[in-house]
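All chains are identified by letter, namely A, B, C and D, in their written order; residue positions are counted from 1 within each chain.
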Amino acid sequence: MAVRVQKAPFDLGAEIAAFSTGLAATGAIVTFTGVVRDEDGRLERMEIEHYPGMTERALAAIEDEARRRWSLTDALVIHRHGTLRPGDHIMMVATAARHRAAAFEAAEFLMDYLKSRAPFWKKEYGADGAAWVAAKDEDENALTRW
Amino acid sequence: MAVRVQKAPFDLGAEIAAFSTGLAATGAIVTFTGVVRDEDGRLERMEIEHYPGMTERALAAIEDEARRRWSLTDALVIHRHGTLRPGDHIMMVATAARHRAAAFEAAEFLMDYLKSRAPFWKKEYGADGAAWVAAKDEDENALTRW
Amino acid sequence: MTLDVLYFAWVRERIGLPRERIETEAATVSALVEELIAREDRYAAAFADLSALRVAVDQDLTDFGASLSGAREVAFFPPMTGG
Amino acid sequence: MTLDVLYFAWVRERIGLPRERIETEAATVSALVEELIAREDRYAAAFADLSALRVAVDQDLTDFGASLSGAREVAFFPPMTGG
């Protein structure tokens, strides 16, 4: 189980390869990766700001809650901050469990909570100027299903 | 969009790295990987039999149906047959979409249909002898949610 | 007509071969199954409980009432366990 | 008491600094916000619509009615947009 908050890129293939190795009781691995969309060429870059200290606490708390609700053999959360460009990987979560339902549910739970409860803020820069990304009602509403 | 049925192992990290590259309109990538559990040391190996010809048709049909239901920027299904041992990766699906809900739903849909509608059969060999894996009612029932 | 009949998993094991070519006038899958059961005990054993079996005609899943008109390949197997 | 007060995203931009140390006797987050609003227009602008803001006390999300007793760090920011 691990949580990492970092400015540097991460190697998605290498992370998943390492995560998926040596898990004796695991039958199912689910990963989610967030990617910067190019928005039809309108987005030049994105700056992700976060709250050092609280970010790590919030992600660890969300991961603890996922482990409390599902029987996971492993979990991983990586989230970047700083400058990201279209095609860059913003973050990933990975979950490992005996069966697929738990792995899928835990990954979706981690994503829903991470979206609305981890202190990250995105500002987009592009042809139309710069603007903070607004939180979506649907993201807040997604929490009600858990 | 691709479907592959193969005896050879696949490199999970390399597959996901390749899948996740150059997807301009993609914001979300979900992967599922099936792993052979060691069943507390009782499983020595598994033999996966399939129906050449029908397998590829069935997987392609399931992938087509996923693309019809969700707006996917890409999808991939890989399924192995032959001899597999604990820790080996049996199969994977990957889905790419603008937003996370579609990527998660399409991956779960692919898994649910693949479990009960693609012509694969598993036989387990181990300390307790050899036995065909029985289909689970819960896997058949999982189809009713789609 | 001439049909390729395929067997998978424990159906293949009980019947003792993976495929065979059969000359038949059976109009439906059920009629073909009746013909096979009448042949030998190993077929009767394999087809004892049809609820435990699935059938595909020309590589499409179907049911035991399906017509064999124009069919070239029929496969019998237990419920699938992929994934 | 002495509090570290942190601002993120557009709250930081409106107030014009990421953090400051504030001497206050405010008993709750709301009372602290009232003090800040009374200071200067840029604070009034940042705190004009509290429904658009979130607050954390000592790095735990809470609400504007929360007590500041024993608190060392208060942070104001818009709804998070991680993931």
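Keep in mind that, in the parts below, a residue touches a chain if its C-beta (ideal position, glycine included) is under 8 Å from a C-beta of that chain, and two chains touch if they have at least 3 such contacts.
All values reported here derive from a predicted model rather than from experimental measurement.
Where touching is counted per the definition, the chains common to chain B and chain D are A. Considering every other chain in turn, none proves to be in contact with both chain B and chain C.
Distance from the chain A centre to the chain B centre is 23 Å, each centre being the mean of its Cα atoms. Centroids built from CA atoms put chain D at 26 Å from chain A. Spacing of chain A relative to chain C, judged by their CA centroids, is 48 angstrom. Rounded to a whole number, the gap between the C-alpha centres of chain C and chain D is 72 angstrom. The multi-chain contact residues of chain A, meaning those touching 2 or more other chains, are 34, 100, 111. Chain contacts: chain D has residues 83 touching two or more partner chains. Shown are all chain pairs that touch, namely A-B, A-D, B-C.
Across the complex, chain B is touched by residues 11-18, 20-38, 40, 86-87, 89, 98, 100, 103-104, 107-108, 111 of chain A. Here chain D touches chain A in the complex through residues 6, 8-10, 12, 56, 59-61, 75, 77-83, going by the rule given at the top.
The touching residues of chain A, counted against chain D in their complex, run 34, 49, 51, 53-54, 57-58, 79, 90-91, 111, 114-123, 132-135, 140.
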